[in-house]
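Two complexes are shown next, each including subunit A; its partner changes from subunit B in the first to subunit C in the second.
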Partner chain A sequence: MNRSFVARNPSVLIFLALLALFTLGVTVLSEGFGVGMISTSFVKTLGKTLCLCLVAVAMDLIWGFAGILSLGHFAFFGLGGYMIGMWLMYERTRLIVVDALAQGSMPPTPQEVVDGIGNQIFGVVGSSEFPLVWAFADSLVLQLALVVAVPGLLALVFGWLAFRSRVTGVYLSILTQAMTLALALYLFQNDSGLRGNNGLSGLQNLPNVTASQDVVSMWFFWGSALALGSGYLLAAWVVSGKFGSVIRGIRDNEARVRFLGYSVEAYKLALFTLTACIAGIAGALYYPQAGIINPAEIAPIASIYLAVWVAIGGRGRLYGAVIGAAVVSLLSTWFTGGQAPDIPLGFYTVKWVDWWLVLLGLSFVGVTLFAPQGIGGLVDLISDRLRPDRHGADLGPDQGSLREKEAHK
Partner chain B sequence: MSTLLEVSGVSVSFDGFRAINNLSFRIADAEMRAVIGPNGAGKTTFMDIVTGKTKPDEGRVLWGEKSVSLLKMSEAKIAQAGVGRKFQKPTVFEDQSVQENLLMALKKPRGWFPVLSYRPSEEDLAKVATLADDIGLGDALLRKSGELSHGQKQWLEIGILLAQEPRLLLVDEPAAGMTPEEREKTTDILVEAAKTRAVVVVEHDMEFVRRLNCKVTVLHEGSVLAEGSLDHVTSNQNVIDVYLGR
Partner chain C sequence: MIRVIAATLALLLTSFSVSAQDTTGAIQQVLQEHSAAILKSSRMTIGPAIDAVADSGLEQAQAVLQAWSDKNMWVREADGLFFRATEAEGGYSLTDFDTGEVVGVFDKDALDQIKPNSGIRALIGTALVQFQLKDPDPLRRQEALTSISRAPDPALLKPLRNSIEMETDPTLRAQKLRQERLLTIGYDADSDARVQAMADMSGDLSVDVRAALNPLVATRRAVVQGDVPEGTNVARILTPGSDALPRVEAYDMLVAADLAQPRVTNAAMRAALEANIADGRVGGVSVQQLGSDAVRRAAYIALADAGTVPPFISEETVQETLDGFTFYDAYADPSRQITDAANDALNAIKLKVGLNQAADLTLDALSLASIYFLAAIGLAITFGVMGVINMAHGEFIMMGAYTGYVVQQIVPNHTLSIIVAIPLAFAVTFAAGVAMERLVIRWLYNRPLETLLATFGISIALQQLAKNIFGTQARPLTAPAWLDGALTLNDVVSISYIRIAIFFLALFFLAVFLFIMKRTRLGLETRAVTQNPRMAASMGINPGRVNMLTFGLGSGIAGVAGVAIGLFAKVTSEMGSDYIVQSFMTVVVGGVGNIWGTLAGATMIGFLQKGIEWGNPSNTLAAQTYMIIFIIIFIQFRPRGIIALKGRAAGD
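Let's look at the complex of A and B:
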């Protein structure tokens, strides 16, 4: 029990080593820094996948460990993206505007510059005024702080309201869906101040950077890998100690934890907020690689996919979430990108672009029914972890509690 | 001896059904008390009220030397104040080891922030080991509690309660589903615990109550029907009519 953190969690070391190896491999094969076997667009796909893995780790913390099936974490992910996107767009537009105005005979006044930026950014929604939410957009430091602060604050307020009223189980899931839907609908409006359904675009171009996308994509790839590594380490540390015991207790039997003298609501709120902040960081790294963010990104379905990834990867184990997010999102790219070969059946041709979702749905049902430990459960075959024989009984009376088939001795 | 818990004039109804009707109850600092009564007498509701799970419609629940009202406190706060509760069905954290279960219950700061950085000291581990020996689980420290037998889980839950160092222990049918030997051991653990704190045992089994050898409170239809030694209450005509006579 008193051995070091790494000794107690060998999987953390293995995970970090694999991640480092993967990062090194991609760097060597990239166009920007290596032999060019991996195209820049695929580097971006891999970088984005790492961000999705990070948000999956956050999802596993809240669902797999604390039993709270939040179906709204992509709202936090998207907000993080919006926050960094505002600075990227503002700063790049400013440089263009300053350049353009410098052509004139008179040096531009600061007000002219700001008006010019406003015209450029908001012309598309028929406006030129800066809304209040852009107040800090000229400062990278402040917008970076908002990447964490805005999702964190939303989670804090939402969580406080929901947990205080002891909303649990499926009702909480529905509430989180409503939250992300409401946010998406609000952002769709032109007067929300974030360019409505156009969203923020051109995010892949970093202001004042002349390096090519081949190089920039690798910067983001490294950043994403670093974030995933640190996020994984943080999550593993959080669940390794007594805090982990308490939240797993909440997952399996909330009432018991309460009668032990722990304030269940405070724990849920702390964890919910922490995972929202992690999701925000993941989003802030994802969208500059995607190049564009719009409200469709935080539609309710996105958060449901997140839960599907974690379920397929195996909830309640952090590497399971990473594996699930990586495998499913890469497969999804492959199938929907038209690269998967169609299957001609004679009377009908299976086009994967259409049938991928059906396949995903079936595998989700299959995993929950027959292999609740998910892909991560394959690790048990090597490490010889056994399942307990509980005669079909789950590990607790609560809805989020671990099922017999998910547990190990 | 000073009064530790005083419940007076408490009533609560669910959808018009009066589960507790003007109930009064008091227990001193280091006292063992058995509460008996037929099904639906309000035994479990009584525990729910004391632990803060159910809020009564009227009445007072006062705690400790300073006579603090428990009615405005949350379950967690009441537990921190020193009320420990054992459920009828053994409820331990089945996915965690005996050691983790006991460490979680040890009397330590309960806020999420101190807990985040908490790592068990040698002293804590020693305390847990001693406790595990006391409840007969010394060899099972690193086993998952889900693997334990029914009786062992009951003991573990009592161990969890003792680790909290509560001043009042509420125990709901501790001997249910136990073998005779297990019952005997359970009695020993409870009697030992009652030397230093108040213990309230809800029980159906008269043999078990007799072995506890303590004052008995008989509940019926949500209020106290009789109180005194077991021989005293069992000779009470009212008690015989509603409970023992059946």
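Let's look at the complex of A and C:
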């Protein structure tokens, strides 16, 4: 049993190799560093997709491996984006304000600079005072720490409250959904201190960077690829060891694991917090590429889509989450972007902008019913790793570990 | 000199009117006496003329005033007599005010129209009120009362009092008495009468009573050196630096009253320094060093010492200056007796208004609770009893509402269309629910989390489908006319009839639910299948059929709820998602598997939301946020809801 980590997880090596190859390919084809076959906006789309893959990996950890269907992970994703967005916006506005004040007859006082920044940032919500949450916005290091700390802390507090009182299953799902709804509603107010429904904007411009967006977009692409690679490695390491066995045990039968003497709540809480931190990092990389973040991003529907990606990709396998997020989000972009050709039926023309969501919803039902293993299940066909025959009743990943006579159906 | 001319003029006029007396009627005489003022038509001098006509006691007075106000009074240039004129062939036909006889038709050139401006017309209007108050036509009397309440005037008090005695209509009499009290509060010369009137009206909730009382207790903020002058009716003395009067505000008051030097603001300081830069230096400091407040202040003080700019006001100076003054709020009314009585009356009203607002809030909360209950009752069946998470529940509500909309397009009569829509909505969503149960949910009974996801897939598909069919804009679902309006108990407490209808609809469905679950075979079988499907199956119950029907029932009720919700909210493809999280919250907070729990949950959430909104009225978003946080914490203490199932019924 003392084989190396890589030997036990060959998929990690394959995944990292493919990711490196993909990154290299995009670099060579990009406008900033290569022959220019891929436009900068598409590089941004690919970079954003990598971030979505990372948050999908986090979702797979908590849902596919621990069986906790969190419908609130996009709240952590968005919080990460807000944290980095605050610094980006503050710093860029500061440079503009300092420049403008330098034109004056005398050097500005520190208070004048801060007032100027406040006016610029909060003018849209009719205020000029800096709220308390912006206390560290002038420091990149502190805001970067907050990218991990704020989602982590929220997850810790929420998870502690929820797991302690043994809220499980669908109840927990609804509770996490309520959490993200509460957060979104809170941020929608103008006096939340984060510019209400205007959100934070202009995030694609890095302060003190004069390089063109062609180049900057590649930096973010590499950053996202690196984050996805590291996140994947971390997730693979977490689920491969004893910790992984325990959380899989919790997924399959929580009571048994508890009776075996494990502190189920501590394991769940640790994993919940870890995934929230990963989601925060993914968000911090995503929103500078998107350029804008507003509270609509963390509405409950976003987190449900996250679950959709993971389910379509295949839960309980990390590459499944990546495949699901990449395929569905890119397809969504393609269909809703108006690029997909319309289908004329004679009496009615199917416009994909209108019908894509219907197709997605129905295909989602189809996947849940007929292919609980998701797209990742196709890998099993190749690798010959077939599940035991259930005589027709596929119980999905969580009850799949039950012995046949234990299963209800 | 001027006086002499005026006296001569007056004498001339008098003699003229005396000479006219023989040939003219009584009202013409009055008009002639004030002919100068009437012809001058100035608001400042017209008062006595109007009063003279109004108080003449002649029966034509009202007609004259009316004609005057309507710009129908003309003067004949030849002899200066006043007539009512109507346009006729060849000029204007003149009517004598006294006799009512037509004098003849005159050319326009021989006449002059009296054109009272709006100010004068308002004065005439006031004078007319006393006639209108005694008008035989009750409608006119009502109009007069309305005009009094719109524009209360001290002059109206006397005519109003005089008119009460002759009033025969009990409603109008009551209104007159009430209006008389209000005018007494504001304008009676006798303080005791005013205090008495306030005491009489102190229990009244109407806005007009408060409108009459509030000006009496309005205060004006003032500042004085030393002590407050004698005879001032002081409401309170203010200390600068307290919450009511921050120091900055207090100092600004002194500045505004020219009692102190204005404080030098940062911007002013900056401007002054900028203006005095010479050779890159100002106030003995190099411009490059001006990047801090302390340096700027030092440079400014140097400038001030040199006398180039106004002196710098330090915090100590501000404090010293403030110490020498007394700040106070004073009532406009000098009588302590009046202001105290007004305050007492207002406090009494405030208490009563507060109590009534609490009642109104309770009604609002009850109505919100019934809406939540209605939205959640279908879920109480599918989720509460069967344990199936149906994320498309909100879309069933939407389908019901759209069914109502479509029915209204076909059946134009609103009452009839609602009667048709309710069973039709039930049928449509029942069918949809049965189809969904048969096609999707029954394969997933062992995998609850996946039920959640699959039904969510159906939810987004249905939502988009509705968008494709009905468009994105909101569709109206109009309530029948007899549900319009509100049940108004008094000026504070009111509730719209639609909300009352929804309340009773919720009660009705509670009864239906209880009847089906406790008294019918389906209910019995449902309870059996939920508790132990295998045991139930071995007793001869077909679990598939029972599940199908139960799920259809829950979905059908959601559809009916959709019609009800559509009546007061807008029908959009997204209306379902507005209710879905709250509905689940209602069921979870109340306790799964128990209809009374759902009722308790809906009541709690409704009252909670209204309570939070009341505490923070400007911000309903924050109210929802706090409510959800409260629910998350509540679940900590009662993870199984308010009414938790015990024993075997609890399932595990």
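General observations
FYI, the second predicted complex is superposed on the first by the 389 of 409 C-alpha atoms of A that agree within 3 Å, B and C clash if a C-alpha of one lies under 4 Å from a C-alpha of the other, contacts with A are read in each partner's own complex, and residues count from 1 in each chain.
The rule we apply is simple: a contact is a pair of C-beta atoms (placed from the backbone, for glycine too) under 8 Å apart; a residue touches a chain by one contact, two chains touch by 3 or more.
Here the structure is a predicted model, which is why all the values come from computation and not from measurement.
Contact with subunit C, but none with subunit B, is seen for A:Arg166 once the two complexes are overlaid on the shared chain. Contacts of A:Thr210 after superposition: neither subunit B nor subunit C is touched.
Of the two partner chains placed by superposition, only subunit C is touched by A:Gly361; subunit B is not. Of the two partner chains placed by superposition, only subunit B is touched by A:Gly249; subunit C is not. Subunit A is touched at more residues by one of its partners, and among subunit B and subunit C that partner is C. Of the two partner chains placed by superposition, only subunit B is touched by A:Val264; subunit C is not. Using the contact criterion defined above for the overlaid structures, shared-chain residue A:Val238 touches subunit B, although it does not reach subunit C. Residue overlap on subunit A between the subunit B contacts of one complex and the subunit C contacts of the other covers 395-396, 407, 409. The residues of subunit C lying in touch with subunit A in their complex are 266, 270, 273-274, 277, 287-293, 296, 389, 440, 443-450, 452-454, 456-465, 467-468, 577, 581, 584-585, 588, 619, 621-622, 624-625, 628-629, 631-633, 635-637, 639. Against subunit A, the residues of subunit B that register as touching in their complex are 51, 53, 74-77, 79-80, 84-85, 87, 91-96, 99-100, 103-105, 110-113, 115-120, 122, 125, 144, 146-147, 160, 164. By the touch rule above, subunit A contacts subunit C in their complex via residues 67, 69, 105-112, 158, 161-162, 164-167, 169-171, 173-175, 177-179, 181-183, 185-186, 188-189, 191, 300-301, 304, 307-308, 311, 354-355, 357-358, 360-365, 368-369, 372, 395-396, 398-399, 407-409. Touching subunit B in their complex are the following residues of subunit A: 1-2, 238, 241-243, 245-246, 248-249, 252-253, 255-256, 258-264, 266-267, 270, 388, 390, 395-397, 402, 407, 409.
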